[in-house]
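Letters A, B, C and D mark the chains in the order given here, with residues in each chain numbered from 1 onward.
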């Protein structure tokens, strides 16, 4: 998929849970995307005049898309974190957001069954993967979602509508099982050691998923979150250390990596 | 009047002529203002997160006010010029604009008759003066407004409602007499050499008013527009050269000066 | 909302904000920067001066000075340029008129600059006896006529002579304010330490140029000006951290501080106190907000004494 | 929309955008900066490389290098910090794999940096014969191990030795890219002129530090990094203007260029050409927009040849 750089139009912005938002962007000439790919969004709408602060675009997973003739609408689910996402959270319909994407190498669809483990904002990266796997073979993908509290979850209703097997864990027990989503993974892998694991979320969570999968001899792909300036391999800012030594670029060689290749202890 | 620093609420923003806007701000604890005083407005609304670019507040004349219990609403008429005013022009009701004011020394009300000469954005500085003089002695203040074209004028309807004698000149003749407002001043002063002249607008226009008044031996006050960083006398950035030598601070000693005291050739 | 302890330092939620800078005890580590705070009284409508650690007055010369013709300021990305030059009321008028106008209990640091070393020393002498002056800040960013217009603070030998002369002229706490327009700030810091300065202030504004493309001219009448504001903050933090590693002198850090978080960055890099500058223009009450924000940060992080944050930056890899 | 004249310079609305930089004829004065444009091909989806004057490739070392551990970048007010260190594919892989991948007619300038002078010279030698390489840019902002980690470009004597060695190693057009972290950029410019450089590139990023107050650590694993983006533009303009006044060498100006207006400021200050850097990250097609904007400005102002803008800044008072 050849990425484009364009000014997208904000179609809708709505609250998603307690601290997150759903942003719908209309993009002319959007080429489509693969599950796990992302886009770079300007930190807030492009206003009536150029402002150089904050400067850098923010990487955001493409949650899903609706293609229409010529144009497409893509959805972004994001959590309000710092300045850029605070400004994005203040978008109004009709505002323009600069978008570069789709970018990166996404998830490789597994031949057999899959366990999708996502925590916090990582949930936004796995919906499309779940949708494609479920469409190919209903029930072949089991989705495990985790968050600190029910309000920190994103997109749960979409996963339910999708109909793929779904389990939820919250640390405070406000929804689903009380505890960590990695606990759900241990149980699920124990039941089905053949399944391939796909993880996205906080580094600690993904690292734990990698350990659990490795212990069971299961394959594990993880989608990393490193700070990025460009998103397409030129600033070299997003380097992730590899077990084999050296670095990979999260934006170009990832964001999805074979978990065994990553030197987890060296991540930011 | 002791100035305040506060976040004002945008009550309304509407187009004013072709390239200008009328901004209505609700300000708690607004102490009132004297004709010719100004306020420093943040360059655009204070958004969902702090942004350091553009940085400096913009000086804007207080056009007029409506005092209510506790709070007041002030109006600002401004022309879209560069980044700051472009961002202000994109305000929506409910937005917050940082305001410091009222600031500066305004017009001293004359004992007798007055000729108010204003060009372009300078018009915003003289409305309150016209209103107070007209209220004191109807007809004692004659208002001469000028602009390149009819669309560049601001507040004309308000002056008409006010009922003070009003003459208009546009360079392209699209409204009122064709030509410069300074031509109207020459005629008016010829008729009434006793009147005190009050000028606000482009430097060239004010300088010409000063010459005309001096030739007739009439008093002339002019409201200068210099770039400002603070607006209350601490950055020393707004210095205007004086005929007597040295500088005055436009924000503290002005913006209104006796035209004879100003070294016009030395202004930016 | 905030009591005061024996030594006059504020305590709130058990946080002691008091620090000592170059022998000057400060209620809290937040001062305001020379040239951005006038002579203090201008801020009375916006801020109770007794809420902040103190302020540094506009730099003083022997005689009153008029400064540069306009334009003197220009906007820049996340900052501004200024070329005010030496405009000030002169040291005598400052002592006679400006100081008495200030409320009791306000800590005042007088800043001095001049074009010749002996004149610097003379200004320092005249300020020495003055009871309301808690200390002196020697502004070394002034062009030195004799060395072809380069700043005193840009040449180690010239800087040494200057500091020595002023040190001889006064026993008051002496901060030397360094120019950032140098290859190695550590070298300049060592010179000041060697010549008996009591502390360092850094950074002054960074030499810069802004252009008006329509008129094809510099925006400033002086062509060059000093860049200040958030744009220079990461440069200032670097220099404070470098100076900290080179000398034992206490440092008063500044450059683009707009919030408590910014101020804390300077403390962590080794500044004992900070100065708020350009932000005062857009937010005249900024320094007070920085004090409150530092107190809140300390309370949130269980820091009992703000002094414990000074130099606490952890640079070893986890 | 744009024809080409005899010598291949673009003409549109009667504007000749062609310039010659250090003996390299350029279609227009807009290049892209080393380290911000990869090896060129990454921008194919966003920009036709033949629309711009050319690009400077990521700095090359003798051997492939891996660079610093993360975090390598941090956001700053109107800018960013980076500490990528030496990461690159190495000079041989560049010649073997990267160059052939570029479309014909793209002007490529190879940037070189190293930790030792003889290694610099060797990299230059290996690039000399290469037909696709229009010129070399010597990145002098690299820490020199032998002189205690200070940058080659921070010490006039070291810089002189470096430029001399590289000059001997190649006959290709040689631009020396200066470090802005110096007291007097003019002195460094003169050194380069004296040692036979064909031109200057300035400025490289400004040494800076950003702090994470929650973790009380530097944001970058390397502690210090280079500040780039609009924040440094007024500093860059000042240095270009100063260098222009000190030497006859053509100058390639950069630092925070985000628009055609920004680029024109550099031309007016004396730069023969410019480089777009950090802006490429947020706007991969930026350099093309700058070319169009310069053309429009020239047409609007009746400037027939963009070269007429070079150094046209009027500094005398009206």
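Everything below uses one rule, namely that contacts are C-beta pairs under 8 Å (C-beta built on N, C-alpha and C of every residue); 3 or more make two chains touch, one makes a residue touch a chain.
Keep in mind that what you see is a predicted model, and the values were worked out from it rather than measured.
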{"item": "Pair joined by more contacting C-beta pairs (A-D or B-D)", "value": "A-D"}
{"item": "Taking each chain's C-alpha mean as its centre, the one farthest from chain C", "value": "A"}
{"item": "Rounded Å distance, chain B centre to chain C centre (Cα mean)", "value": "36"}
{"item": "Inter-centroid spacing, chain D versus chain B (mean Cα positions, whole Å)", "value": "46"}
{"item": "Separation of mean Cα positions, chain B and chain A [Å, integer]", "value": "53"}
{"item": "Chain A, residues touching no fewer than two other chains", "value": "50, 52-54"}
{"item": "Sites on chain D at which at least two other chains make contact", "value": "69, 76-79, 221, 229-231"}
{"item": "Chain contact topology (line, ring, star, complete or other)", "value": "complete"}
{"item": "Interface residues, chain D side, partner chain B - complex", "value": "77-78, 230"}
{"item": "Residues on chain B engaged by chain C in the complex (per definition of touch)", "value": "2-5, 40, 42, 50, 52-57, 98, 100, 226-241, 246-247, 266-268"}
{"item": "In the complex with chain B, residue positions of chain A that touch it", "value": "44, 47-54, 82-84, 86-87, 89-90, 92"}
{"item": "Residues of chain B touching chain D in the complex", "value": "52-53"}
{"item": "Contact set on chain C toward chain B in their complex", "value": "35-38, 42-43, 45-46, 58, 66-80, 82, 84, 87, 221, 229-231, 258-259, 278, 280-285"}
